[in-house]
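Same chain, two partners: chain A is paired with chain B first, then with chain C.
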Partner chain A sequence: MISALLLLAGAAPFPISHSPFPVQDTTRGKAVYVKWCAGCHGDGGAGDGVAAAHMLPRPRNFTGAIYKIRTTASGQLPTDADLMRAIDEGLPGSAMPAWKGRLSDAERRDVVAYIKTFSSFFADTSQHVAALKFSGEPSGATGATALKTGRQFYDSIGCRKCHGDQGRGDGPSARTLKDDAGFPIFAADLHQSWRFRGGGSAVEIYHRLRTGLDGTPMPSFSDLIDQKFLTDEQLWRLAQYVRSLSPPEPPEVRDVIHAPQIVGPTPVSPDDSTWARVGRYWFPLVGQVVRKGRWFAPAVTGVWVQGVHDGRTLALRVSWDDRTQSPDSAWLPFEQRVLETVAGDDSGPPKAEPWPDQLAVQFPRRLPESPAGMERPYFLMGSETDPVYQWRWTSSPRKSLAGLARGIDRFDTLPGAVAAQASFDHGEWRLVFTRALATPDTANEVQLAAGRAIPVAFFGWDGSSGEHGSRMAVSTWYFLALDRPTPPGVFISPVLAMLVTLGLGLVVVRRAQRRATARAGRQR
Partner chain B sequence: MRKLGAVAATGVVLLVLALAGWMRAPLPAAQGGATISGKVKFTGAKPTMPKIDMTEEPKCKAKYTAAPPTDEAVVVNANGTLANVFVYVKAGLPEGYKAPAPAGPVTLDQDGCRYHPHVLGILVGQQLAIKNSDGILHNIKAKGTKNRPFNISQPTVMTSDRTFTAPEVMVPLECNVHGWMHAWLGVLPHPFFAVSGSDGSFTIKGLPPGTYTVEAWQEKYGTQTATVTVAGSETKTADFTFAAK
Partner chain C sequence: MTAAPAVRRYAAHPFWQAVGILVLAYIVVVWVVPLLPGSAIVPKSVVLQYMVTVLVGLLIYVSDNEERWARFKEPIEAVLVEPRLRVARAALLVVVTVLVGLIAYGQVATTVAAPPNLRSIHPAPPTEITFRGKSITLTGLENPLRAHPESLPLYLAEGKGVYYRNCLPCHGDHLDGQGHFASGFNPLPANFQDNGTIAQLTESFVFWRVAKGGPGLPREGTPWNSAMPQWEDFLTEREIWSVILFLYDQTGWKPRRWETEPGKGESGKGKGDD
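Let's turn to the complex of A and B:
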């Protein structure tokens, strides 16, 4: 009888306090949770679902009611709207997807109610759940003075301790960071605002500075305003400075890298001034999870690629963010913690070793004869019967090789080399490969020709995250196009046309003037 | 005659003990009259605590001229006892016991990139004044589970105040800028707690008569309990012994 009553009570929709939503049904919420959320967050909400062990960052543990992305003060519970936002929009840079459009409004509301049942804090009426009163963004966000003020506070309040001098998450404390559960956690790379968990706008960055990210080392800076160490406007300037470190818009993935032709020679240095004038292309990389020795926590999240050629040589510049110039013995304990946290599927206990950083650029051996025949080798380093041509670079020993890959495990070096120069600067690798467009070994080395769509793919390894071999970040196939030089006519014709027009005009004016003078003479 | 001598000697010893106790804890007892005191002993090999490398914070490093700072997880005193053990009444207070209002804030200081004290107690609702004397960036993070957490940035000389709403032994406190900085805060609904000092001793005063479960908590070695019955204004001894692991 009692259990029947309880069942009835459980089935009946009941309103949750502090909730802007009229009716939330935890029973229906549970059904949604079990179907869509429990795989990562666990049946009991402890963030320990079957998939959790492969993830970094780990799924949220709901039992502590500690949430990163809130509009409330440090340590306070999130509002329902905060929880709804995380579900609607997901947490960029983590495995949490956006659910708006996949689940109905009612389903998402119900699951918010159900998630709150995992912690008794939500039922505790003494808890204040109130969004902070945020000021509006002051104007002048991108002005030099605003950014200078922002940078000044970036230094004075110690952001660089974790986020590093240039903001790539490579500060001196970064390698010691843990979240509340003791898992290793990365200081955010402030050059990738599209991966910020709570959104990448200056407004959202300002909110995170005010609230902190609970459960992580990121503190709240609200006390500093209360104690007049800095003004609200200065905190805004800091948010705007942080925003300015990333591109104005999240990078759009385009399929084709256009490498313009320049008047030679092609630049060999990654810091050549030519690169500032050439468009760059972003390619996202993901963990290699196809083959055993899978890797679910790739450190290289993408590469920026630029190319130029001079009709004889191609220079390809690949740059990517990496907190460490591996191997770096200071980061070995962090690497060990990453390996212990992210479950792999290789045998044996994980052991941190001083691996180098690596990058590979992959092409087919030959371009297809006709544009119709665009059959490409297997993207994941080819196969035994259909190998791919690769350039491989390692940070230590600093060297580059060209060769044929026949799957992940086999790489046969070719005698024809590829030149490479790299520089590491405040958490960024900049690497330039140069190679002649045409080479003698036409059977194995791709012949780079202008006007062709040349398939290309990228692979990245961060040694200090324990990445080596099949534990890597991979891209799919994209294309490289060596643009033909613009025919001189294109530039000369308009100039000629202008000169002719000008000349004709002058003639007409001169004639008119002469006639006028002659008329005047006759009249006199 | 002999008997008289023994009585006199005992009297002198008691007087000295009482004086010593009075000098160690000059604050008046809150209420009630009984006292539980004792020592936290340690047996086994004294563990070697790892040195803390403060090279990244020259301002802190400069404060350790005599010897480099070491981890404070286990602090064995010169007399072989343990410091930084939190001893508190876990159970046994009369039903409806109401704690007196806290006298003032408890201060936790960040000095030389370490917390002072390393282990401390506080009443529910009592203010914790978190002071940054270093003037370099610290963040202070409380990681309780019964209390809501917090994580405050303190990049300059400043004090932030926070309170705790629920009893919890212990709330870990930490700085993430300096991964070696840890402190432990015992939050209790009553003032019957103490932290063993540099001679390993502790004193809990002002207890109402009753039978108490007294627990000693050590950061690395866990907890031990003792049952102590006190009446009137008597003093009972409860010693604890932790063994090296």
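Let's turn to the complex of A and C:
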């Protein structure tokens, strides 16, 4: 009964106030904040909750009133709508989730009011907080000239210094970057717009270019328009160019990698033209947070996988974004800062060392007897009693090994090798493993049969982010299928069905027409 | 306004009424039903069943009356016979034929799919487990921290710390299994807000699942897939009991108690209703 009354009260129209939101209640806001936000952002709003030490990027510190995602000019406070947006949509690529649908409208409004109480800047009502006047997006976003203009300004206003020549966050200054609090910060990988904190559309990118990301090294470029260095439209072209670097839609995770059968030898080079014609599959990788020596800040956020076979050999191409070709001694200070920022299971931060980049592809040693059999070894590198078969590649020394993993800390090399070729290009590793489908060691090496779902999993390490051993990015089990060309017999029954349907259809039409003619004849 | 009389004529015609009702039924089943609270997307086979039911109902209705039945057949007859509708007739024949071919191909073409993931969500717990060398009997076990109601705020604060330091990346800020690492795992991390997880379980069951994690699952729980750590390697007995207190407190669910009959647990949101 009381709850029904409360519901009615909640639905009653709020009085109009000067804030874009109806009445906000900081007392209720505090209750919501303490329950749902303080674990990361801290009781005092300083971004120092109990979970903060495991996070990179760190939770926002509200006491400074500095916000990345705003619609206001650089250095200005955010609007209430900006704060509401961050809560509603979350910040993709960080630990901040979208709270819309998780907390009620009133709860989210109240929390906005409460987090403003952490800083006296918001109390100063003489400051007029207003969103910038943004122009609308000009058309022709994907036209070649538009993108060329965008690229020109990408170079001339210095984007490449941090974001790199191809936009993967691998520019020469990337390894020096810190946020205002002194934490290491990665230049955004512009090929993964679904992880952009303020959203991945061209409009949102344009807004970030205009406002900058306060508290980070990302500046606002509004002043360049004022100085007539570039026009508003040219800044739009830049936003559209940045947008064009990512796929049109965030990649969808599909369970089964289909590796088509091709004629002739399988490609061994990662830059073979065959790969441009084969579908690629995205698999997200997340931190290894299961076994001791956990890692909460994985640098490899996912892998793109392609496969082809020729009936005898499989070629599997794995590509992923990595800012550095590790080991890179120039990145050691950055690596040290990352290791000091992200707490793990050790009592103190580990020492930065010149680790290589690594990638592992994992299979069970043997496929289940029946194709529907689902039993597999433990996804996280098997166990003592039920090991997994893995291919492991390291960037330095540049080599690949095949072996059995028995848990995350034990790997025994097998004599039967796997061939691998890798290339590093502007922040992207492209790696091709090739191996015969059938091998002599049937006890330990998976026999890659066509037409079956073969369990497969992936693991990645970025040495320059301090990743080594158990500090890695992991995936769960997925499947690889070596497709066979469709046998012609498959087409027989569809063709028969079509002929029968067409025949029946013609009979029905003919009969109806004959009946109609007969009727007409009778009437005459 | 010239379109209005034509529209009215169509609306009054039994054939077009039937078509309209079929389209409307499809929209309701496919798009409106999933919007209702507590329902999900309707599976294709069920959609087909609904549509067949609606079609049969429509046919019974139109054939119930002699004149209505005759009018209902008019447009069908016209398409089959009228010389001016020759194009429509040919198009209909081609479309139906191609559709049948595609459906037949879809039936016979084989593609490799992931094997079925038959998994027991809440497998039967053992009666006893060994926790760091100490034997703990699960049957009849209640959360020992609840025996000290005066200290509950302290335990809850402790449990909250344990949750945020350990569970958050997968089970998420809202305890709904959508943490920022959740998308990397299959099965997805448990959603504690859902009425099918902790709301249905005794705290001793939750203790077992937390302490032994994925590797401690029986075979029917597909232990090779679960990313749930064996928390006995990280947490003490008291830390696990305190985080369990936190899970129930934060979501508002009440644990099932051993005294109550199975199936009639005290589960239910403690919020609001009283």
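Keep in mind that, in the parts below, the second predicted complex is superposed on the first by the 466 of 524 C-alpha atoms of A that agree within 3 Å, B and C clash if a C-alpha of one lies under 4 Å from a C-alpha of the other, contacts with A are read in each partner's own complex, and residues count from 1 in each chain.
As a convention for this text, a contact is a pair of C-beta atoms (placed from the backbone, for glycine too) under 8 Å apart; a residue touches a chain by one contact, two chains touch by 3 or more.
Predicted model, so just to flag it, every value in this text is computed and none were measured.
Novice: Considering only the touch criterion stated at the top, classify A:477 as touching first (chain B), second (chain C), both, or neither.
Specialist: In the superposition, A:477 touches chain C alone.
Novice: Just chain B (first), just chain C (second), both, or neither: which does A:284 touch?
Specialist: A:284 sits against chain C, while chain B stays out of touch.
Novice: After superposition on the shared chain, which partner residues are touched by A:131: those of chain B (first), chain C (second), both, or neither?
Specialist: neither
Novice: Regarding the shared-chain residue A:332, is it in contact with chain B (first), chain C (second), both, or neither?
Specialist: Neither: A:332 stays clear of chain B and chain C.
Novice: Counting touched residues of chain A, say whether chain B or chain C comes out ahead.
Specialist: C
Novice: Touch test for A:31: chain B only (first), chain C only (second), both, or neither?
Specialist: neither
Novice: Should A:502 be classified as contacting the first partner (chain B), the second (chain C), both, or neither?
Specialist: second
Novice: For chain A, give the residues common to its interface with chain B and its interface with chain C.
Specialist: No residue of chain A touches both chain B and chain C.
Novice: Where on chain C is chain A touching in the complex?
Specialist: Counting only chain C, the residues touching chain A are 77, 80-81, 89, 92-93, 96-98, 100-105, 107-118, 160-161, 163-165, 168-170, 172-174, 176, 178-181, 183-186, 213-215, 219, 222-225, 227-229, 233-234, 250, 272-273.
Novice: Over in the complex, which chain A residues touch chain C? Could you list them?
Specialist: Counting only chain A, the residues touching chain C are 3, 6, 35-36, 39-40, 49-51, 54, 94-95, 97, 99, 102, 253, 255-256, 258, 284-287, 289-292, 296, 345, 368, 371-380, 383, 451-453, 474-479, 481, 483, 486, 490-491, 493-498, 501-502, 505-506, 508-509, 512-513, 516.
Novice: For the complex, give me every residue of chain B touching chain A.
Specialist: Per the touch definition, chain B meets chain A at residues 56, 136-137, 139-143, 145, 148-156, 158, 160, 165, 176-179.
Novice: Applying the document's contact rule, which stretches of chain A touch chain B when the two form their complex?
Specialist: 64, 66, 74-77, 121, 126-127, 156-158, 161-162, 172-173, 176-178, 180, 212, 214-221, 223-224, 227, 229
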